Amino acid sequence: MPIVIVEMWEGRTIEQKKKLVKGITSVITDMGVRPEGVTILIKDNPKHNWARGGKLASETSP
Amino acid sequence: MPIVIVEMWEGRTIEQKKKLVKGITSVITDMGVRPEGVTILIKDNPKHNWARGGKLASETSP
Amino acid sequence: MPIVIVEMWEGRTIEQKKKLVKGITSVITDMGVRPEGVTILIKDNPKHNWARGGKLASETSP
Amino acid sequence: MPIVIVEMWEGRTIEQKKKLVKGITSVITDMGVRPEGVTILIKDNPKHNWARGGKLASETSP
Amino acid sequence: MPIVIVEMWEGRTIEQKKKLVKGITSVITDMGVRPEGVTILIKDNPKHNWARGGKLASETSP
Amino acid sequence: MPIVIVEMWEGRTIEQKKKLVKGITSVITDMGVRPEGVTILIKDNPKHNWARGGKLASETSP
């Protein structure tokens, strides 16, 4: 039943997302949870909506 | 003052969302909260950002 | 498959939470989702961790 | 290390977001956290996905 | 820079959490992110605050 | 109407939280939002539920 939310920068491909959810699900099923019990939400964030050190990532990592 | 966040697949119509927020608000006001105190955020998620059982919903429920 | 997160003040009873999740689930199944597809997380927040208008609720609604 | 998530209506400019993250980061560094330790995510929500008092903001604040 | 939030039932041990964060971090660094860039938050939820199918998990999985 | 969620380590005092919410609210009202429209939720996280670089903060920052 765990729910995993992944906040990251937009731009990942579907293939990368497939690997990501397969990998995270595998880590959690190793704890004794069945695969169907694992839900993952990926959140694509534009760099102009993500800040670190007081600056938007669109400025610091364009 | 409750805040309700609804994570779901994208694709619902405005009419469906109107019913959804009216219904959820009604459930919460039944607990003794006034309607203006209820805030609801709907999050539309693409199926390729939602996974269950280690697979993206865009693969399993296209 | 929707996931609903309810942020509210701590202090609700189990009976109130039972009614809450039953009611919200019913609103969502009316949209054509089966009950088992609806997950709800209730988050109990102490009033000293909730603010409105720049003031903690523990100050304004003790 | 704090993470701040700001849920708001879409429509703010990059300049406004720059000021927002600079200001929030400053408030948190005043608590003794170094700037690089502060991450902020801005979430732009369409008004038809935001409700108060049982009505979508697209209806009440078009 | 990804941020991962894991919502699960309370009751996991520190050893299980260590494995969990090590595993998830490894999955994400495989995407080309350095380990220090990965932040993970684990949220322990009591079963009486988690519902599926309109019923609290404290009722269905006591 | 913005909602701000602050995820941080547990241990801050009420006085620190008062300053935090006052400061963040002030930053947002500078954007033209009235103070009553700003809601802030503070989430206190134990260090054993927070990880960076694949390690729990309870290990690296005890």
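Observations, loosely collected:
Order of writing sets the labels: A, B, C, D, E and F. Residues in every chain begin at 1.
The definition used in the following text is that a contact is a pair of C-beta atoms (placed from the backbone, for glycine too) under 8 Å apart; a residue touches a chain by one contact, two chains touch by 3 or more.
Model, not experiment: these values are computed from the prediction.
Between chain B and chain F, the least number of touch steps comes to 1.
Contacts with chain C and chain D are shared by A, B, E, F. Ranking every chain by how far its Cα centroid lies from the centroid of chain A, the top place goes to C.
Matching C-F against the pairs in E-F, A-C or B-F identifies E-F as its interface repeat (over half of contact pairs the same by residue number). Across the two candidate interfaces, D-E and D-F, the one carrying more C-beta contacts is D-F. Comparing the contact residues of chain A and chain E by number shows a mostly shared set, over half of all numbers used being common to the two copies.
Taking each chain's centre as the mean of its C-alpha atoms, chain A lies 20 Å from chain D. Rounded to a whole number, the gap between the C-alpha centres of chain B and chain C is 13 angstrom. Each of the following residues of chain B touches two or more other chains: 1, 3, 7, 26, 39, 41, 50, 52.
Chain pairs that touch one another: A-B, A-C, A-D, A-E, B-C, B-D, B-F, C-E, C-F, D-E, D-F, E-F. Across the interface of their complex, chain F is touched by residues 1-9, 12, 16, 19-20, 23-24, 26-28, 30-31, 50, 52, 57 of chain D. Contact residues on chain C toward chain F in their complex (touch as defined above): 7, 45, 48-56, 58-59. Interface of chain F with chain B (complex): residues 1, 3, 39, 41. Residue ranges on chain C touching chain E, taken from their complex, read 14, 17-18, 21-22, 25-26, 35-36, 38-44.
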